[in-house]
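What follows is a set of structures to go through.
Presented sequentially are two complexes of chain A, the first with chain B as partner and the second with chain C.
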Partner chain A sequence: MDTLTLVAPTPPSSRWYRRAQAKKRGFGTPSWFAIPLLAFFGGIVAVPTLLGVYYAFTDWDGLSAVPQFIGFGNFIELFQQPKTMTALGNTVLIAVCVTVVQNGIGLALAAGVNSRIKSRNVLRTLLFAPVVMTSIIVGYLWQFLFVPNGPIAQIAEVFGIENLNMLGNPKTAIWGVIIVVVWQHAGYSMVIWLAGMQGIPEEITEAAALDGAGSWKRFVHITWPLLRTPLVINLTLSLISSFKLFDQVMATTQGGPGYATQTLSTLLYFEAFQFNNFSSGIALGVIVFVLTAVISFSQMYLFRDRNAS
Partner chain B sequence: MNRYTWKTLVLEIVMILAAAVFVFPLWMLISVGFRPAAEVAKNPMGIPTSLNFDNFVGAWVEGELGSAFLTSALITVVSVLVLVVIGASGSYYFARSRGVAGMRWYAIVAAGMMVPFQIGLLPLYRIMANVGLTGNPIAVILISIGIHLPLTVILYTGFIKKIPPEYEEAARVDGATPFQAFWRIVVPMLMPITGTVIILNGIGVWNEFFLPLLYLSGTDSVTIPVRVYGFVGEYGADWGKIFAGLLMASLPVLVLFFLFQRYMIKSFGSGLKG
Partner chain C sequence: MFRKSRTYRALVGAAACAALAVSAIGCSSDAEPSGGDAGSSSGGIGGELTIAFLSGDVFLQKMIDEFDAEYPDVTIRDVQATSNTYQAQIRSQLDAGQGPDVMHIWTGSGNAMAAKIVGGAGKLADLSDRDWAAKMDPAANALVALDGKVYGHTAVQNPYGFVYNEALMDELGLAVPETFSALLDTCQEARDKDKVLIALGAQTGYLAYAIPTQLANSIAWTKDPEYLNKLAAGDETWTDSAVWKDSLTEGLELYEQMIDAGCFPDNVTGYSDDAAKQMVAAEDALGTYIIINGLPTLQELTPDTTFKFATLPATESPDDLVLTSNPGSAMAVNANSKNMDAALAFIDFLALPEHEAELAEENYGLPYTTSTPVEFPDVLSNVQGLYDEGKTLLFPTAHWPNPEVKQTIIAECQNLLVGAQDIAGVVDAVQASFAGE
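Presenting the complex of A and B:
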């Protein structure tokens, strides 16, 4: 905290002196500029999060004033319950599938939009629109599309699939959720890929074209290797946001049927607010945090390593 | 390479077809609300035969969307305003402090990006209950500010670091106080990044569901996402009315998006490079 209470030295009056001082150490910015920000950060983020992490190791029920410290009790109890393992498995499956499919589709769309086609600006806008929409609304929109005898069931019938009940069937429900998330965020991936593609100087691809490289070869040998930054951003963003997935599940399946689409975040909500197991709920939050931290750091490490060699 | 060849035409057609598949759910969002429930049940993909606003009136009145809009707007505007003020000034210290203290604090705040806010949300719930703020939009505003602080700081600090310090130093040499240098010299240069901060945080706060669900559900002042969550439950299978509500609830964001699409897409694309 001592850095916070530092006060800028009172400026001596002579301009010459001030200028000499500035040369010597540069003008600092007084720390009081950051006091409101750090107060908010401390009060709303840091202290409650640290308290939460502590509560994860206690038997806190949200009411008792003095929770008992029980070590890893909550975690052991959670991992002994099949529903936790199901939620963990679902979360990982969703995260991996969403990351691969969303970024794959996003890349294809970006390549298509980053061309000479006349409709590129209109298409880019339309494809991005779902990103800004409220995810709970997107969830209900798709719940209707997936309803038995609804639009998608009718389209599936044309392809010979009878009585499709995507979200009602425990086997298919999770794929329904994945489709919803991919639909909403593919435009986001597209825009990040696009920003990377537009940073590639046109001379490089033109030179390759003159040397007779077709568009596929140009993409594989020139564009793709230069897309490392958007690749890292896209992977990190989609993995982290799917590990925290909550809204779309609440709107489409509420974690059902049974536990078929329960994610760590929905389980956290039900544990804490339906069953009043506050400390187990927070323990689930800590598990989500450990997962995201491991993913983020391993991605940073992997990509830094490759760049260095 | 720059000519429009037959290959470009094929690509154009393929892309338009792909976009049509992609946009189909949006077309459903617009069309279903204009059709009576019985007709939707019979033929879910039908085209509206007339502009029927019954569903919209019903959803607006029974769904109490009007007051939900006001609550959402209040929470979003106040949160974003505070984020801009404390984010810009705090980041100015992080980027320009003498020595390493500023960047240390920056690293701590930026690391908040990775922490799921649910961990802190439960203890906060207890704290807010103690001070009587559960059910009060103020609690949602305070916590929204906390949630979006790390991104705001990352955006502002990255931007300020790229501004050469000579401008402020010249002003300081001429006797400006640190506040004057910040207000008159730095703030005017922050306009582009402030636009990005407003867009990303505004959309983030407006769309947030978990937080207002915990703090506001069951009260008179709920936000749009919580209200939508509530009335879908109440309407059962009356998809016409539900979709009228969904369309009205998504209109403000969609209209703003289509008006400022170029700028918004740029914000989302560039905002995360820092």
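Presenting the complex of A and C:
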């Protein structure tokens, strides 16, 4: 008598089962349509990026036909220069301050325009308007506002701050740049926070209100814990954009006075396009990329959903 | 069968998408300014010609229009950009083996698009066989030539100095100073009348170092009138030149005295070039320090004002006054130009004597040699005597060995203005940058 061996069916969630199903589907129709885009991305983004990383390890000046490989020479030379460390320090300072202040202001604005005030739609538009302005124009605008004896200086006098030279004083210039960036992008953070707030079911906050929770307690204990996703998005975007900051600095101070507002991006520009040190410039780009990647991945790891199975 | 037909449809769809992408790329490349096609007309100069220059160059635009009329078979595409983006844009194109057929370049070796830098790398055509090249003034030749090859055409130099409101100076009873101590006195007198003598836009990089460099240049000239020629010829190096180093130190000391005397606005590093011109237009300042071809921008702000030009004295002797001039721009031809005939024809067109004279007049420029006839503009009447006597000195930046020197001196002079650096520190940093440190 033959023995009938019963084999339990493969659980649908197993990796082998999923691979088998994928193999059965084959390289589907949608995948074929992605090929031109992938080719375009490869040619325009991936290949130049990889080539750029290679040039960071050479002595290429942008004009020579054959660059010589020099290993980590560019990186060592950059980190030995005081101006590089100054630029790095300025970049980190700007990134931290802009991230905290911009998101704090954006959160407060979002809480405000999420309320039932009548003008909330107009306010949302006005507060978002600076975001769509060209960064260079914003920089030039604030450069005139910050002129000594200009509008900002005169307002500062009312508050007892005499002789304000915001962008011309190496101690205050970087704070002027931070103000410019926060002013321009707070509306962007506001929109992301607002989207998160509008995703919170009203019943929860109403129930809390019925239980006697005031607006602050509702925000701290209900709204804020449910804003983890927009928090991650805002932190990531503001950190990345701060590390790449260029337009506003060039429009206002060009990295001066002295090197007081020099950032890694402006230093990259000077090295590559003013000094013909393309390899050094690209090396700075690699440094910015690595820093941004480390921060982004660290952030995603710290804020990952630990409850997901 | 089902899978075969699905795969077949997918392949056809992907091929259609790829064909669409290729045709889109083909169409976009036709729309991009290219190097031009050589000689599409039968006989003569024709085809497409791309010319790149700085925005607002009214004279060059006029030349393009006249060239277009003279060579109707040439289709001209102009590419314009402001100076802070022009260098990066054109330089990147040249690095990629592309770029315009004819382009504006800077003279000397002081920046990324300088004639000797780009020409020395083989990106510019050798123009030494053109008729006008042999007739170029030696001073001009030295700015665009390297190892016997001529990489650009330059015809005029632009005075660099103090441009002031003549009527306001007269109204306040102030005279143009001819000695340094008189300059300090004039600064103080202007302050006593609630005016600033020189609205300096030190927030804009090149203006932060312009005055001390001019003072140093003038002092060096008094010590050795040939100092700049020796450095340009390589007989001395900037790092080793004691004349230059001592003069730079003295020039910075004079600069500090000017700061202390109130020659510039308070918080001078907070004013950009544009803000400084606004001060002049509002008559809060008597004048500003610019290259003379920037006068039209200032004049636009205050059309009814008559401006005059003066050079700043660096010593106690009026005989030591020397006219500092910025080397004028140059036009060059791309070594990889796809329409070399038309490109060379355009350069030759610019080099015609009547056009050089026109350039001088439009840009308030002066020929490099006094023997070239020029109608002296009224704004430069104060310095005509200096020019006629041959007391003209080029601003030294064109002969600096690398672009980092300029950025270093900008940063260090800004630090000096805000009290964050001393003179010795500035000099040491600048001298180190000459050596590429």
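Everything below uses one rule, namely that the second predicted complex is superposed on the first by the 273 of 309 C-alpha atoms of A that agree within 3 Å, B and C clash if a C-alpha of one lies under 4 Å from a C-alpha of the other, contacts with A are read in each partner's own complex, and residues count from 1 in each chain.
Methods note: contacts are C-beta pairs under 8 Å (C-beta built on N, C-alpha and C of every residue); 3 or more make two chains touch, one makes a residue touch a chain.
Fair warning: this is a prediction, and the values are worked out from it, not measured in the lab.
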{"item": "When chain B and chain C are modelled together on chain A, clash or fit", "value": "clash"}
{"item": "First (chain B), second (chain C), both or neither touched by A:Phe289", "value": "first"}
{"item": "Chain B versus chain C as contact partner of A:Phe273, first or second or both or neither", "value": "both"}
{"item": "Chain B versus chain C as contact partner of A:Pro36, first or second or both or neither", "value": "both"}
{"item": "Touched partner set for A:Asp247, first chain B, second chain C, both or neither", "value": "first"}
{"item": "Contacts of A:Phe144 with chain B and chain C, given as first, second, both or neither", "value": "both"}
{"item": "Touched partner set for A:Gly256, first chain B, second chain C, both or neither", "value": "second"}
{"item": "Residues of chain A touched, compared between chain B and chain C (which is higher)", "value": "B"}
{"item": "Chain B versus chain C as contact partner of A:Cys97, first or second or both or neither", "value": "neither"}
{"item": "Which superposed partner A:Gly62 touches (first chain B, second chain C, both, neither)", "value": "both"}
{"item": "Partner chain(s) touched by A:Trp183 [first = chain B, second = chain C, both, neither]", "value": "first"}
{"item": "Listed stretches 37-45, 91-99 or 145-153 of chain C, narrowed to the one that overlaps chain B", "value": "91-99"}
{"item": "Residues of chain A contacting chain B in one complex and chain C in the other", "value": "26-29, 33, 36, 40, 62, 144, 147, 250, 269, 272-273, 278"}
{"item": "Chain C residues within the chain A interface of the complex", "value": "3, 6-7, 9-11, 13-14, 17-18, 21, 84, 87-88, 91-92, 94-95, 111-112, 117-118, 121-123, 202-205, 208, 265-272, 274-275, 402-404, 407, 410-412, 414-415, 417-418, 420-421"}
{"item": "Residue numbers on chain A that touch chain C, as the complex places them", "value": "26-29, 32-33, 35-36, 40, 62-64, 143-144, 146-148, 163, 165-170, 250, 253-259, 269-270, 272-276, 278"}
{"item": "For the chain A and chain B complex, residues of the former touching the latter", "value": "3, 6, 8, 15, 18-19, 22, 25-31, 33-34, 36-38, 40-41, 43-49, 51-53, 55-56, 62, 109, 112-113, 115-119, 123-137, 140-142, 144-145, 147, 149-151, 154, 183, 186, 188, 191-192, 194-195, 205-206, 209, 215, 229, 233, 237, 240, 244, 246-247, 250-251, 265, 268-269, 272-273, 278, 281-282, 285-286, 288-289, 292-293, 296"}
{"item": "Of all residues in chain B, those that touch chain A in their complex", "value": "1-4, 7-8, 11-12, 14-16, 18-19, 22-23, 25-26, 28-29, 32, 44-45, 82, 85-87, 89-94, 96-99, 101-102, 104-105, 108-109, 112, 114-127, 142-143, 145-147, 149-150, 153, 165, 168-169, 172-175, 178, 181-182, 203, 206-207, 209-210, 214, 224-225, 228-229, 232, 239, 242-243, 246, 249-250, 253-254, 257-258, 261, 264-265, 268-270, 272-273"}
